[in-house]
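Pasting the structures here.
You will see chain A twice below: alongside chain B first, and alongside chain C after that.
This part shows the complex of A and B:
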C-alpha cells in the first residue's frame, strides 16, 4: 500500500536546491545531543575540523590553498509532518584567500539530513536523540568523508551508504510511472546488469512514457494505492514484451537503474530529483528505505 | 541429478534411478528463477509433496541484490507444504552445512534412516501458533 503524499505546504524555492543534482544517499542513525539552536556553533566546529584535517595532509584540494567556509542551516520546509525533525543543510564553499571578503564564494559541497514521514523511528527514543535518518550528499567524496567523520565523532551516529535493491527499484518504476506530469517528458529507462559474464554488460530498456503510463493504468486497481502484486504484473509485462522481441529474460538480470520524468535512482544509492511536485513523495520513500537499513 | 527445469526429458526415463527428493533452487537475485520453479512445480507428481520436496533459496547473503519478494517464497512453501531452506553459496561454511542438511534429508526420504519417514517433515512445517 502507498500512503498519500505529505501536505504540500512547502515553499518550492526552499527545496529547489535538491532538484536536478545527483545526490548520494546514506542512512544515518539518530544523532545524540544535537540541537537546532547551535547550528552556527556546529559550523564553526566543523570549519575548524576541516582546517585541522587539511593541516594533517588530508588536503582535499591538492596544491592550491583555499579557504573553506562552512554554513549549517535548518530547512523547516523539508519534512513530511510536524512530527519530523527540521531538515539540516550543510554547505561547504570555497573562497580564494587573495580575494576580498565579499567576493564570490563557490559552493563545492552540500549535505542534507532529513526525515520525511520518518517519525516511527523516533517513537521510542529518548529526548536527546534527533532522528534524521536520510542523508543526501552532493560534491566530492573527500568532503563527504570529512563531514561524515565529524558528525559521527560529535553526535555518536553512524553513516552507511544506502543501497537500493532491484525490488525497491521496481516499486519506484511503477510508482513514478503513475505520476501525472504536465508536459511531454523523457522516456522511462530501465538499466539491467547481466550477471555471470566475464565482461560487464548492461542492457538499457527505454519505454515511451505514455505507453508506460497506459500499461500502469491498466494494472493499478485503486488510485493512490499500490500493491506488490501490481508492481509484479507491471514489471512482468515489460519483461515479456522485451523477451518477445529480443529473446532475453530480463527477470534473470539485475535491475540497477530506473529513470523517469519524476526522478532517477541507481542501486548504489544515487538519486536525482526532477520534479518539485513529487519531491516530498520520493523523499518519503527514501526515508523509509533509510529507516529499514538502520533497523 | 541436476536440471534447469521440469519435466525431465522422457527419452532417458528408463535410465534414471528412482527419485527420492527434489530440491528446487531459487536465486533471490533472479525473478526468473522463481518463475522457472513455479512452472516446474506443475510437473511434479502430488506424492512428492509429502516431504520429498524442499525449496532452497540462494543468494541471501546480499539483501540489496534482492529481486524476489520474500512473501512470494513463504507463500510457495505454504502452498506446497514443503520446507524452505536458505543458503549463501558463496560462503564455503554455509555451503557445506547446507549440503550436509540436504544429504540428511535425502537419507530420510530414501528410507535409509529407520524410524523416520519423509512424512515427518510435514510436521516441522506447521507453525506452533496453529496448534
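This part shows the complex of A and C:
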C-alpha cells in the first residue's frame, strides 16, 4: 500500500518539469487509435486545431507556422513498470511576435498523460487502446479545454475532473507524514472547511512535521504498510488534540487540503509535487484514483 | 455519394441524344408511337396540341441555332415569337434534352441582348435531364467571356440549381480547375464556391487549392461560402486543413434556386420517383451552447465525424494500395439507408463512438460489425457521461435534469434498437440506485432497468434488488406499478435473449460460461420470486388495489407462458399472496386476467408433461412435482369458488380459503357456499344483475338463484359475450362439463 521507492532507472531531470507547479487532475479513458509513432503529426494537427478554435470560422492550413507552437513528446521515464505506457507530454508555447528566431518561446500551457503502475486497466483491452488514465494540466483552462476536446475527438476518450475525497486526502496526510525528507522542511498543514454556514469558513491546522512523524510512528504497526484503521487513528489523534485546545470537532468538518513537504493536494483535484524522490509514489496513488473513477 | 448516385438514376431517358441533339423528330416519333396514347380520343387531342407545340419548338430552336449578330427584341417579331414559344413550353412541360445545347450556346455567346439571354436562361427547365455535353460546351463559352457579367452569374446559378438534373458529371468534374479559377471574380465567388462544393471529391482537394482558398479568406475575411467549401476540404483531408465553424450558421450559400423554383418543383412532381432531392448540407457546425459550463462537463452527444486517426498509416499503405483511403466513405455524408448498403464495405466508424446514439444508420452498421473495440469505446464514453451528468449523484446538477432525462431517453431508445443492454448502463444503475430518490428521471431510470443484461445473481441482489426494494415499499402506488412493469419488461428481454440465442446456438453448440441454461433459469427464477415477494407485500400495503393487481397479473401473464412461448424449462406459480387477492378481487378485470393465466399455466404444464412422457429420456430440467401440486391446489380453490361452490371445504392450500362450517355459520351469511361462484362473486355480481334484468325484465326482486340449469348456460354465454375471454378459456379447459349439472368434477381439472 505504501508507494514503492521510485525506480532506479528514472532520470529525475526528465520529470523535473512536474515539480513545484500546480497541476489540475483529470481522469482519461483509454485512448483509441493513439500511436507513439505519430507524435509529430499529432502536434501539427493539434496546432492547426488550436488556431482554428481561436479564430472560429477561419480555416487554417495544417503544417504552417502558427502563433502557438505545439510539442508532443513521450517521457519513457515516467512510469511505474514496463507494463505501463510511456507518458505523453503536450506543451504549448507562444512564438515571439515578429522577432528574431533565437528569442525564446514562452511556455503557456502543459499537459501530461501518464500511468504509474496502472497496468491493470489495460488488461484484456485490445491493442488499439492506450491506457494513460491520469492527466495533469498546468496553464489556462481555455487551453485545457481545446487540447482536451481535440484528444476527445481524435482518440475517442473522455476527460473527467479527478476530485480527491476527504478519505483519500487523509490517506495522503498519513502516508506523506511517514516519508523521510531533508531537515529543512515546512510545517504540515491541513485545511478544513466548515459545512452548512452562510459564509465560507476554513480552518487551517498546522503541525510541526517532526511532531506529526512522531505521532505517526506510534500509530503505524508494520513499516511499509498502512491500514485504514491506522489512518483513522492518526487523524483521530490530531482531531482530539485540536479539540482539547479549541473545542472544535474537526471530524464534523470536511478536509479540503493537505500540504506536506512531499506534495500538497486539494480536494478539487489540484496537486503540487514538491519532492522528486516521491514523485512516482504520489503519481501511482493518483493513477489508482483515476482508474477507479474510470471503472 | 448522394449526388452521384441520384444523377445515375436519371441516366435512362433519351439514349441517343448525343448523336441527334438537334434532331427533334426522334423525340416526336417516340411520343406518337406511344400505343397507350393513340387509343383514347381525348388523349390524341392532347397529342395534336403537343405536336403543334413540338413543331413550333422545333422551329424556335432552329431559329436560335442560326441566329446571327445582334438582333433587337423590340423590332423583331420573329425573335419575340420564338422566345415566347420557348418560354411557354419550358415553363409548362420543360425542355427536351436536345434543346439545351442550342439555347445555352446562344445565351452565352453574347449574340443577343442581355434581356433575351436572361429570358432564355430563365426558361432552361429540363423535362427530364440535361445532357452533360451541353453543359461542357456552355462552360467553354463562359471561359471566352463573350457574355456580360450578369449572364455569367445567372448561368452559374442555373448550373447550381440544375446540378442534379445533369445526366452525367465526369467531364464536368474534369473542369474543376476552370471553375476554381473563377473564384478570383468577387461577384462570382459565392456561386463558384457553391458549385465547387457540389463538385468536390477527395481527389479535388489539393494543397495548392487550399492555399488559394486561404489567400482568398485573408483577402475577403470570414465568408460563409468559403467556410463551407473549406469545411468540405477539411472533411476530405483533415490532415491538410482545419476549420471550426461558428455555432449559429444556418445557410452557407445564397439561394440560387430563385428564378427556377416553381418550374423545378413542377418537374419534380412530374417525375416524382426519380427526382433528385437537393442535398442538405452536412457540415457539422458547433452545437449551440445554451449555457456556460466547464468544457468537459457539458452533456453533448458528439456529432458523427470522420476519424482522422489513421492518416499516417494510410499514407504508408497508399504506396502499396492506392485505394485504401480514397475508398473510405465519410460518415458525415451517410444519410440514407441505401447509401449504407452501398458503402458498407468501406464505411468507417466516426471518430467518437458516442455519435452512433443519434444515428440509426450507424446503429445498423454497429449491429452488423460485431467489433469489440466499438463496444469498448461506447462503454467508456457512456459510463463517464452517465456518472458525470447523473443529477442525483453529482451536486449542483439539478438544473440540468431535463438534459439528463433526454440523454437517458436516447440511451434507452438505442438499447431498444440494438435489442441489448449496455454494460455501462448496468453499472450506472448499480452505482446510482442506492442514491436515487425514486423521483428524479423516474420513468427514464425504470425504463433502463428493463435492459439490465443477464448477470450473476449475487451482484444483482446487492446492487439492484436491495436498493430497489427500499424505494418500492416506501413509494407511491404508481411507483410500485411502474416498477412491476419495468420488471416485466426485464423478464421479457431476458426471455427474448434466450430465444434468440437458442436459435443461434444450434449452429455453434457453445454457450459462454456465464450464460449457461441453468444460469439463465436461476436468474429468471430469482427475478420471478423477487417480484412474487414484493407483489405480496405491496398488495397488503395498498389494500389489494385493483390497479396494482393489474400490473402484477400482467407480469404473470409472461411467467405462465415461459415454457411454450420462450422455450424455457421453467414455470413458477404466483404466491398465495397474489393468487388469493386476485381470486377474491372486487374487479372482474383482475378475475378475468387470473382465469387466463391459470389457463395458460395448464396449457404449459400439460405440454411439459407430454414432453416428459414422450421423450422418456431423463431431461436435464424437469418441473418439480411441487409446481404441479401448487397448480392443483390453486385450481381446486378456483373451481371450488367459481363453479362448484365448495371452496370452503375443498381448498387444500395452507394459506387458502378452507374454513369450518361452524365458523362460517357464525358469520351469519346465509348462502356462504355460493357466495364466490360466477353469479355471486363480487366481481361478477354486476353481470349477473344485468343478465337478470334482460332475462326477466319484469322481475324486480333480483332473485339470483334463478340463474341455474339452462339459464346458467345462457348466463355463461352472456358473460363470454361481454369480453370475459379469460373466463371462457378457463372454464372450457379446466371444468368438465360433460355432466351438465352444476356439480362438475374438479378432479378432471388437475394435471
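The rule is simple: the second predicted complex is superposed on the first by the 280 of 295 C-alpha atoms of A that agree within 3 Å, B and C clash if a C-alpha of one lies under 4 Å from a C-alpha of the other, contacts with A are read in each partner's own complex, and residues count from 1 in each chain.
Methods note: a residue touches a chain if its C-beta (ideal position, glycine included) is under 8 Å from a C-beta of that chain, and two chains touch if they have at least 3 such contacts.
Computed from a predicted model, the values in this text were never measured in an experiment.
Student: Where does A:38 make contact in the superposed view: on chain B (first), on chain C (second), on both, or on neither?
Tutor: After superposition on chain A, A:38 lies in contact with chain C alone.
Student: Going by the contact rule set out at the top, does A:249 touch chain B (first), chain C (second), both, or neither?
Tutor: first
Student: Contacts for A:149 in the overlay, against chain B (first) and chain C (second): which applies, first, second, both or neither?
Tutor: second
Student: Taking the superposition on A as described, I'd like to know which of chain B and chain C A:94 touches: first, second, both or neither.
Tutor: In the superposed model, A:94 contacts neither chain B nor chain C.
Student: By residue count, is chain A touched more by chain B or by chain C?
Tutor: C
Student: Figure out whether A:29 sits in contact with chain B (first) or chain C (second), or with both, or with neither.
Tutor: A:29: touches chain C, not chain B.
Student: Under the stated touch criterion, which partner chain does A:49 make contact with: chain B (first), chain C (second), both, or neither?
Tutor: In the superposition, A:49 contacts chain C only.
Student: Answer with first, second, both or neither: which of chain B and chain C does A:187 touch in the superposed model?
Tutor: Once the two structures are laid over each other on A, A:187 reaches no partner at all.
Student: Counting contacts the way the document defines them, which residues of chain A are shared by the two interfaces, the one with chain B and the one with chain C?
Tutor: The answer is that chain A has no such residue.
Student: Help me check something: in the complex, which residues belonging to chain C touch chain A?
Tutor: 210-211, 213-214, 217, 222, 226-227, 230-231, 233-234, 238-246, 286, 294-297, 302, 305, 307-312, 351-353, 372-373, 376-377, 380-381, 383-385, 387-388
Student: Could you list, by residue number, the parts of chain A that touch chain B in their complex?
Tutor: Residues 163-167, 170, 195, 228, 232, 235, 239, 249, 251-255, 267 of chain A touch chain B in their complex.
Student: Would you mind writing out the residues of chain A in touch with chain C in their complex?
Tutor: Touch residues, chain A against chain C: 26, 29-30, 32-33, 35, 37-38, 41, 45, 48-49, 51-53, 56-63, 125-126, 128-129, 141, 144-145, 148-149, 152-161, 294.
Student: Taking the touch rule as given, give the residues of chain B at its contact with chain A in the complex, in rising order.
Tutor: 29-33, 35, 63-69, 71
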